[in-house]
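In what follows, subunit A forms one complex with subunit B and a second complex with subunit C.
Our next item is the complex of A and B:
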């Protein structure tokens, strides 16, 4: 399932990236376009369009084509094929039965999938919102001229650099009800009276997963914000100070509106990633207790690999792709209209 | 000694890490996500070099085996077995890989079409599924006739499906009841009283009040197969059944509901550690080993682990007994495992010989500290009894009194439904009876597929 949705990610990134960079009033827009077109002319002159080298070019492209076909196109096509069939074994020789749209129709009445969708939406909304709010605050902090700023930046980047499996294992250990340090710390500080079973009930477990995800992914939001802050001209803030605006007013009237494009990019990336969440759940709770933390990606995995219902599992995976594509399209439209409207003002 | 072992491990890990990159790629989607799993490969022995062959066999080829990293034979010991096997057969090379139990099933499934493994470690609940789906080979014709009489039934069940052998019985296991004798004494509890489930509940209350143990009981009741094991054995000991003779749900009445009510009540009464609903067997070992629990159910490996001063603060205090009686007997659950030859293996002969070697009485006796043999004769052998005089007689009785979980193709999906239903009852979301009534139609639907 991962590869399917991943293929959309780069497209989203590059397209959403451009309005932010080429925002007409704030960025040096004019010269950029001309330089890039002259560059492409130069490229064409230098590397030529000599038809003789066409064969060589094809040969050189072959490895990439094999990789793209083998690792992206084929799995996607196979997933699509599987989703219209009833396949109950991974073996290539296994019998299959064409069932039309039955797998997709079943998905809409499957109470487990509906529950998993609810958990996924809750996870996506809460984690993305928290990551953006904290990301803006941390971005601001990192932009200040502090002593040991490099240390602060490194510390903020660290969670993001850890593989999710590692950070999820770490959180599972920290939150362990019997020998986890969090219980020890909180009881010794007198914040909680006795040890809590943080991952022991559905709601609490889901919130703990969100905390672990926010801990890890706020970094990337913060660094986007830091980059966004760097292109806001200082003159604007200085002018506002001269006009008597305080720090809070400057933040809400100048910084935040100008950060909008960057925040939008973070929003796009994080919602899409959050909707596909798998590894952190798989490691921390495996979907339990009583399926309370099961997300759609975990459910698709369990259906396909644990229960060997490959057809239905593929159908769920494709539905996830459709939702992610819809999200991506909606965001891209919001970004392109939002970007120009803001810029025009 | 321990330094030597750890050096060896590191070297092996580094060696294996290189090979794993290539070998594990295809299966990576299944196992890559597990933190607990951890995958290391290691290769043992080298072809020909320095082998002092005694067998002079004509076996040759390389096989790769997938084993469980948890209870039973340890990683080091399995690698030692592979090394001694290659000494007997110098032209054979045996590669070993290990994953946590929780990742094992899915890894076998994901790796099956690629033919990554020749030999896989399978749980007693998987033969129906793997055999029907064509993942493992039927090896009935290879099994010597005497095995059916010389091997304990529980172990045979882990390899049998519809009368055919889909693997070699290898690891015989059941859940046992453990208690901390010092804590029982401190609370004035007579050990003879914890031979029934009611006695356990009464003892737990006394221990909570008098021995200062907040939660005397700890269980592996996370949403995993582990919770089904505990529930299945309690159901049997309360005189109930999860499924009837026709394989249809029987868990909505009798012992199954009583067992679940007992489990829920122990949480409500504050004698069961509430973290049990997120705990696996290893957590039970840790909590019991830290002296934070006085009683618990676990596989045979806990006897050694809880009495090992390196990993337990209660070493010497852990006593192992048969599962308490709920009215129908001291019945445990069969947790045996087999070694199956994969359908895609190109070296089935080598895989067979290796599996036969590691399940032989000779090898099993050598590594008796890890697991008890599958062979009946071992339990009357004074040399075997001497290795663990407190344990072997208990095991001998318990291994003859075990219940099997149902052998159905959709077991995995059925079990997942039941895990959720049991947890809903344990967490008090719905009553035990309601949870069972609610899940029945779902299970029936899966069984009908």
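Our next item is the complex of A and C:
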């Protein structure tokens, strides 16, 4: 649910600027950034504050820097060091043996890690795709004039507010093979003949984890879409409707293209979160059955804490960081070029 | 919500606007209401079942076929949660709630305090290395907990803050602060600098401008930053799982996860504990609902 990069700026600017039919492209919202920075230049020139700013900025940023970097700098460096060593205890005095890149080389031939990567990619692709499609639909629904719209919005907001662990525990109970309400409901409705062990086979368990994740995280996608829809002028859709475009056509030719920047943001956030998925898997299956739902983060955790192989665990964790950073960079590229192509800056 | 007042300045568009308003006043078609009902049911049904299960006798919950309405009310779990000893599973939920509340409040207070100052500097001061500073802060927000949890554990042992609420507050603040800093910077950036200029001419110093002019104007941003930060704290699991072990500091996600692992078939107490854990964030989210969209629009969409 975190918040994004400054490269989304051009995308939005293009969105507020591009419906040129409704507003002049440089409407009040358009050139805000550039004009305010020129104001600031003039402001600084007038008051001659540029000299003092450096020291003052450092002073104002110092508390935040202490809070943020004070605690995590050493752990980051230590993790890098651990990843080049063979260490079998978390203690700093534990014997360590420098092994160079061996941990990283092992990672590429470790069949368990390769399997875990496969599970992670499957989880990421399916859950993100489902969350975006459902999020767009629910966002549209929330924007409609409904008689009980507040109830709809509140209901969709609920899973977002629910802690991930609570949601995962709840789904584990709902899907329980012997007493789960989902088994009860489906058998009583005659949809299934007998109780099933939904979390009992690797494929089924992974799909159930995806359902639980989609139930929880579609909310945030839907609210992003709702926020994006609020910026699209109604005149556009109405003009198209006057021109004879049907609802489906209006959606695909007007709404969806204008929602693109928001959808991209959701895509970025959800893929990065999904690739790091840990909580929901840990609570629902602990990576089982027979490691069938083990994701890379769960595997790194189990390598370090269950197998006490801290060097290798750190190496896997660092590889996750690398993948996440690569994803972030790739997306930032996509977002910024997408913004320019749409006629931003 | 989606209709802006953009046209009000031009009188000839006023007519078109009122016509459009007229169209907008019409309710969506019936089928859409039906879809909405189905969606509401899908989202609310699991919560409803947790509520029912939390007051249903254990034997009824293990029955096949399952009965959907309790034979008689069994309030024992709720009583145990509120009166039980902190070392029992039920009482443990209560102490975990208190821990979660303290950790979230402490983290949000610390993070907002330092991030307000930092966000002002990033938004209003021009200095060398500004871009790289922002990037540095944001990159710590991107570090997955799994990557630093092992050495962090050792540090907490050494400074005596393992299994301690202050330890958790410090750890959480390290990733909540960049998030708050980022959100507030966006909201400050949206305020025109003429405001600062005018206040300076009126003789206000920088800190006075920040506290008495900018911060009140950026209130929606502040609220949405607080809202999202609270949610992040309440939700955090991996650090809490590894850094806490006793009722002294165990947070509610850890208590729920442990319980669902250990007492696999005590569904009634699990339901009560899960509902209890959900109440604070759900209430906060519902009360501050409009800041959810404001925060998403500013932090995520506008950038």
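We take it that the second predicted complex is superposed on the first by the 279 of 345 C-alpha atoms of A that agree within 3 Å, B and C clash if a C-alpha of one lies under 4 Å from a C-alpha of the other, contacts with A are read in each partner's own complex, and residues count from 1 in each chain.
One rule holds for everything that comes next: contacts are C-beta pairs under 8 Å (C-beta built on N, C-alpha and C of every residue); 3 or more make two chains touch, one makes a residue touch a chain.
Here the structure is a predicted model, which means the values were calculated and not measured.
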Quick check on the superposed pair: does A:197 touch subunit B, subunit C, both, or neither? Answer first, second, both or neither. first
Classify the contacts of A:278 with the two partner chains as first (subunit B alone), second (subunit C alone), both, or neither. both
Looking at subunit A, does subunit B or subunit C touch a larger number of its residues? C
Determine, under the contact definition given at the top, whether A:187 touches first (subunit B), second (subunit C), both, or neither. second
Which partner does A:94 contact after superposing on A: first (subunit B), second (subunit C), both, neither? first
Let me test your reading of the model: by the given contact rule, A:157 touches which partner, first (subunit B), second (subunit C), both or neither? second
Between subunit B and subunit C, whom does A:172 touch in the aligned arrangement: first, second, both, or neither? both
Where does A:133 make contact in the superposed view: on subunit B (first), on subunit C (second), on both, or on neither? neither
Should A:247 be classified as contacting the first partner (subunit B), the second (subunit C), both, or neither? neither
Per the contact definition in the header, classify A:326: touching subunit B only (first), subunit C only (second), both, or neither. neither
By the touch definition above, which subunit A residues appear in both interfaces, subunit B in one complex and subunit C in the other? 2, 90-92, 165-166, 168-169, 172, 176, 179, 195, 278-279, 282-283, 305
Interface with subunit C, subunit A side, in the complex: residues 1-9, 11-12, 22-23, 27, 32-33, 36, 39-40, 43-44, 47, 49-50, 53-54, 56-58, 60-61, 63-72, 74-76, 78-79, 82, 90-92, 138, 141, 143-149, 151-166, 168-174, 176, 179, 181, 184, 187-188, 195, 215, 220, 223-224, 226-235, 238, 261-262, 265, 269, 272, 276, 278-279, 282-283, 297, 300-301, 304-305, 310, 313-314, 317-318, 320-321, 324-325, 328
Residue numbers of subunit B touching subunit A in their complex, please. 29-30, 32-36, 102, 105-106, 109-110, 112-113, 129, 133-135, 214, 218, 222-224, 273-275, 277-278, 283, 286-287, 290, 292, 343-344, 410, 412-413, 416, 419-420, 423-424, 427, 429
Using the touch definition up top, name the residues of subunit A that touch subunit B in the complex. 2, 88-94, 165-166, 168-169, 172, 176-179, 194-195, 197, 199-202, 205, 278-279, 282-283, 285-291, 302, 305-309
Considering only the defined contacts, which subunit C positions touch subunit A in the complex? 1-4, 6, 20, 23-28, 32-33, 35-36, 39-40, 42-44, 46-47, 49-50, 53, 61-62, 64-66, 110-111, 113-115, 117-118, 120-122, 124-128, 130, 133-134, 136-138, 140-144, 146-155, 170-171, 173-175, 177-179, 181-183, 189-190, 192-194, 196-197, 200, 206, 228, 231-232, 234-235, 237-238, 242, 252-254, 256-257, 259-261, 265, 267, 270-271, 274, 277-278, 281-282, 284-286, 289, 292-293, 295-297, 299-303
